[in-house]
Amino acid sequence: MASKVNVGLIGAGRIGRLHAEHLAFRIPQANLLAVSDIILEAAQKCAAEFGIPKAIQDHREIMEDPNIEAVVICSSTDTHAQMIEEAAAAGKHIFCEKPIDFDLGRIDRALAAVEEAGVKLQVGFNRRFDPDFRRVRELVAAGKIGEPHILRITSRDPAPPPIEYVKVSGGIFLDMTIHDFDMARYLIGSEVEEIYAVGGVMVDPAIGEAGDIDTAVITLCFENGVIGTIDNSRRAVYGYDQRVEVFGSGGMVAVSNKTPDSAVVSDAEGVHGPLPLYFFIERYVDSYIAEMEAFIECIQQDRMPPVTGIDGRIPVVMGYAARRSYEENRPVRLGEVA
Amino acid sequence: MASKVNVGLIGAGRIGRLHAEHLAFRIPQANLLAVSDIILEAAQKCAAEFGIPKAIQDHREIMEDPNIEAVVICSSTDTHAQMIEEAAAAGKHIFCEKPIDFDLGRIDRALAAVEEAGVKLQVGFNRRFDPDFRRVRELVAAGKIGEPHILRITSRDPAPPPIEYVKVSGGIFLDMTIHDFDMARYLIGSEVEEIYAVGGVMVDPAIGEAGDIDTAVITLCFENGVIGTIDNSRRAVYGYDQRVEVFGSGGMVAVSNKTPDSAVVSDAEGVHGPLPLYFFIERYVDSYIAEMEAFIECIQQDRMPPVTGIDGRIPVVMGYAARRSYEENRPVRLGEVA
Amino acid sequence: MASKVNVGLIGAGRIGRLHAEHLAFRIPQANLLAVSDIILEAAQKCAAEFGIPKAIQDHREIMEDPNIEAVVICSSTDTHAQMIEEAAAAGKHIFCEKPIDFDLGRIDRALAAVEEAGVKLQVGFNRRFDPDFRRVRELVAAGKIGEPHILRITSRDPAPPPIEYVKVSGGIFLDMTIHDFDMARYLIGSEVEEIYAVGGVMVDPAIGEAGDIDTAVITLCFENGVIGTIDNSRRAVYGYDQRVEVFGSGGMVAVSNKTPDSAVVSDAEGVHGPLPLYFFIERYVDSYIAEMEAFIECIQQDRMPPVTGIDGRIPVVMGYAARRSYEENRPVRLGEVA
Amino acid sequence: MASKVNVGLIGAGRIGRLHAEHLAFRIPQANLLAVSDIILEAAQKCAAEFGIPKAIQDHREIMEDPNIEAVVICSSTDTHAQMIEEAAAAGKHIFCEKPIDFDLGRIDRALAAVEEAGVKLQVGFNRRFDPDFRRVRELVAAGKIGEPHILRITSRDPAPPPIEYVKVSGGIFLDMTIHDFDMARYLIGSEVEEIYAVGGVMVDPAIGEAGDIDTAVITLCFENGVIGTIDNSRRAVYGYDQRVEVFGSGGMVAVSNKTPDSAVVSDAEGVHGPLPLYFFIERYVDSYIAEMEAFIECIQQDRMPPVTGIDGRIPVVMGYAARRSYEENRPVRLGEVA
């Protein structure tokens, strides 16, 4: 039996605390030894809550700790690439939240550092680990719908982020659609060649004033001929809408939203079912656990991570292609922006 | 090709007019030649609306018309048995609305008259012709669920009938459950041996004052070992609730309610689907057409009707057994009341 | 009460016979007086089956018959525009199957003739009369989902037409998507400004050899800001797939496929529901009746038809825009082709 | 903030290990200090796996440990009553797996000991904590379906237990239906007065030879007038079937089975959904965690447990009433057997 993996966590914000809880309570094969945050109190609070032995301000203590084999990077996006380079230099395996960076040059330097150090890097595209989407991928890969022809992804948030966040988010394609780009590649198992994106400001004019859009429809043309569409909205009043459908020569597979319960009430007004789970924390909790289990397991078994550095890079390229397509109102090939 | 069947219709009330419309417009193999009603104006109005050549007050003109091969009896329940005897004596094939009668002796005399005359008699248990229930029967008969073990029938009306009707209805078991008793026999293809019924007045105290109950749960033990339950209510506020489920050694088959459309609205309050079709006229329109087509066809092809006289008698026996079970609070064997 | 409308039917092919049956048996307000077909036997057979008094070869007898107020044009597409002009000249109201023509000039002449004659023209976009889609339109128009933002149309045939038909069909966008273009305009209640179409040959190489494609995804940008997508395939092995979804500021409405029954079988392998109704004849039977009722009614009540000549023209323009977009791989504004 | 609760676990079999895992990893407010099992190795293995400090053979060490405030009794059923008495005497709060005992006298002595000691006793009717059933109860209690009239419980196992277990199980009503009896009381919030049970051997003759039945339908008459039915089978080939429906004056609420994913595949054969989760471990995992959280919380907050000793007693009485009803083929009042 493989020995447990000693882990250090960098960044004790919302997503960091989520991973901390899973590493501490849900993944017996992990030992979470330390947590750092530039706000020391945040690290201390996280450590207290999840029984982590050490809470520090400077992440370099984690990088330098010889007992720590793997780091989980949950600091702010602009630090990801630097953290990856440091961790690689320190010989640590790396789990990094998405995106690696918005700058392709920085991404490439980080990936080169990982390559050179021979450490493992897994990028946090958690949705691949959702039981529903994984099942769709399995069915597609097993040929249960024949050759895939058409992919449909519906991905709508329950509410837009704060305008301050919107301003630094990189825009809807790099902030929100990026998950759907990864999902598209994952489900179809082929690369996208060309992207066409349209969109508008329909949810909140303030988003437009911040230079972004809040509603988008994206067409994807894959190398293997599949055509995909993604539709995004920053606000679905009925909650987090996350569905996919793959249609092929032998049939179709589709998954629906998850709900907190299955209670259906029939009354004089209609037949009423529950709303979808509100947002990603509720909807994707299982996938967050599963991605971290997979990370720990790939270290123990010395296997390639299920989501690699290149998997982290390509959706960023797709985001830039989508943005250019939207701006220039024409289909854009990925080669134009990569 | 068989020649068309000349039909006379007796009784131009709601159900009579329904059959008139179908015979006139929807069943090309039928010629509806005459309609009678003890209220002549009703017959005339029906004739005008559906293009029936002859409208009369006295049904005996239909019985005596040598051109008429078949009669459709939609007069009041207390006249059914007499009408059957007259029609049989006149050598006409007979479609009779359910029930034949509430008096088993009168039923037996009517059935004997049919037998002696060698005419066909079909009783109006239309629900057997509903596409959903027919599909369930086909699947059960084809062994798709293995040997059946458990039957569940949910049968709830959207609103109780007028109290004046309740008083002469024969009670819930003979008026409402009688359809479910027929459905139970049809779906399982075996006879019921014993019945246990409980119930109460939950919908409207006036129904209790009229000597009836409005809510009932009935347990059926079949000769072949299957156990069935029926639940009835005189008022489902969400509309006509008509579902069945058959469970067996190889699986389960279930059908759900029919709705006017499939539009599902998701809003901030929930996910809302359409109500079931309101009542039997809407819900069972296809089955009314199909039962009449089957009647015409069995005449043309000289085959046994799909719902026979004995199929009309047994549910009445079951109704009496259920009533006695309810009154004496004990399981009652059909042999005790037949 | 309005007097019945005397109708003549031109063309006794599959769709002609369908309308003949409805006019003869299902629409009491119509008198179907004559049917013509260039193959006289086809007209005669149709007349015999549906009790139409007169069967002729030359449609001009219908045009010249002073008793006939309205014609239903079901002849081959290349004759539609000419028939409309003749009927208009004869002062007859016109129901014409879609499309009016593939030549915009001929369409415009036909519409001008209608305009000049002051007769009514209804074009056969039957799907608007489907209870599900009508319900979606009602809910959208009533503001039940707020302001619409995103429209999704899934429209997949169960099997491609014969290759000989494909060759003269005008291509997938004018033959198949044309219905979806009409649906898009109907559901959103706004005009499309720009179209982007991608597609490929995935179902049958012979379709590609015939110069057409069999799979397409189309993006629609509406004047009111709504963004729509349509996906088409010539072959869904599970049957006719006809779904729509409209998403807006206040929620979402979606409709699902229609099935012959609701029987769900649970066995050791899974939970199995029925396939969708196979193709348009089964799926849209109610809509064909309803569109013809609406046509008869608009004559009786002297109202504007619910689908006008311009409603017949615009989807042809959209088809040309989609074709050009596909050929040139760029978004095309309707103004470029109209 | 309340201090954590120190817990000892008695019995390291399947259900004991389940609770151990939850107490160790999922319930931060609990400290699991010791585990005992008459097979020492079982206790040791459990301790090693879930990080429990102490593994012992003799449960009395747990009873005597002054640090332990609460015991979780998962030993064999015949020891439950004795364990409760010992724990009560030691002043420990008690969580006991169902049933307390099959002997009402022993149950009463155990409950009296609990009463006298003033400790808390929670009985392991976990299904009350299932999110679906809890939601149904909330909706019923909130009056969302008006006054309840009819309750339907479907409860079918995927496979029968080993025959050796059947022989000592107490029979289907005390072993399997007992959970449904508790569910019925919980959902309706009223006591059952009378029970009528029918059943048979349909799944496996060996069950009949062991003196039991494998299929049953039970009718429940509640004090508040509600009528309930339960249907049980020891083998549903499609998996664990656990559904309830409550119908009332204002509507109906129903919940459906849980599945591992929502992937629906449409192919040429049909539309195929996933099977229900296989059995109680998978289906009710959330409820096991929630019941234990509730137990810990009622200790911390000094509140009454959500499932009390009397809640543990009454379903046993109902089981005896059902058994007598089946044997004597008559409705049996609970007063006859209590």
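We call the chains A, B, C and D, going by the order they appear; numbering starts again at 1 in every chain.
Everything that follows uses one rule, which is that contacts are C-beta pairs under 8 Å (C-beta built on N, C-alpha and C of every residue); 3 or more make two chains touch, one makes a residue touch a chain.
Bear in mind that the values here come from a model prediction, so they are computed numbers and not experimental data.
Engineer: What are the chains that subunit B and subunit C both touch?
Structural biologist: A chain counts here if it touches both subunit B and subunit C, which gives A, D.
Engineer: With centres defined by CA atoms only, which chain is the most remote from subunit D?
Structural biologist: C
Engineer: Any idea how many Å lie between the Cα centroids of subunit A and subunit D?
Structural biologist: Here subunit A and subunit D have centroids separated by 39 Å.
Engineer: Report the inter-centroid distance (CA atoms only) between subunit A and subunit C in whole Å.
Structural biologist: Centres of subunit A and subunit C (C-alpha means) sit 43 Å apart.
Engineer: Centroid of subunit C to centroid of subunit D, CA atoms only: how many Å?
Structural biologist: Distance between chain centres, rounded to whole Å: 58 Å.
Engineer: Hey, what residues on subunit C touch two or more of the other chains?
Structural biologist: 236-238, 250-252, 266-268
Engineer: Could you pull out which subunit A residues touch subunit B in their complex?
Structural biologist: Contact set of subunit A toward subunit B: 236-238, 266-275.
Engineer: Considering only the defined contacts, which subunit C positions touch subunit A in the complex?
Structural biologist: Interface residues on subunit C, with respect to subunit A: 146-147, 149-150, 152, 154, 156, 196, 198-200, 202-203, 215-217, 219, 221, 225, 227-229, 231, 233, 235-238, 241, 247, 249-252, 329-331.
Engineer: Can you check the complex and tell me which residues of subunit C touch subunit B?
Structural biologist: Of all residues in subunit C, those touching subunit B are 25-26, 28, 131-132, 134-136, 139, 144-145, 250-256, 258, 260-268.
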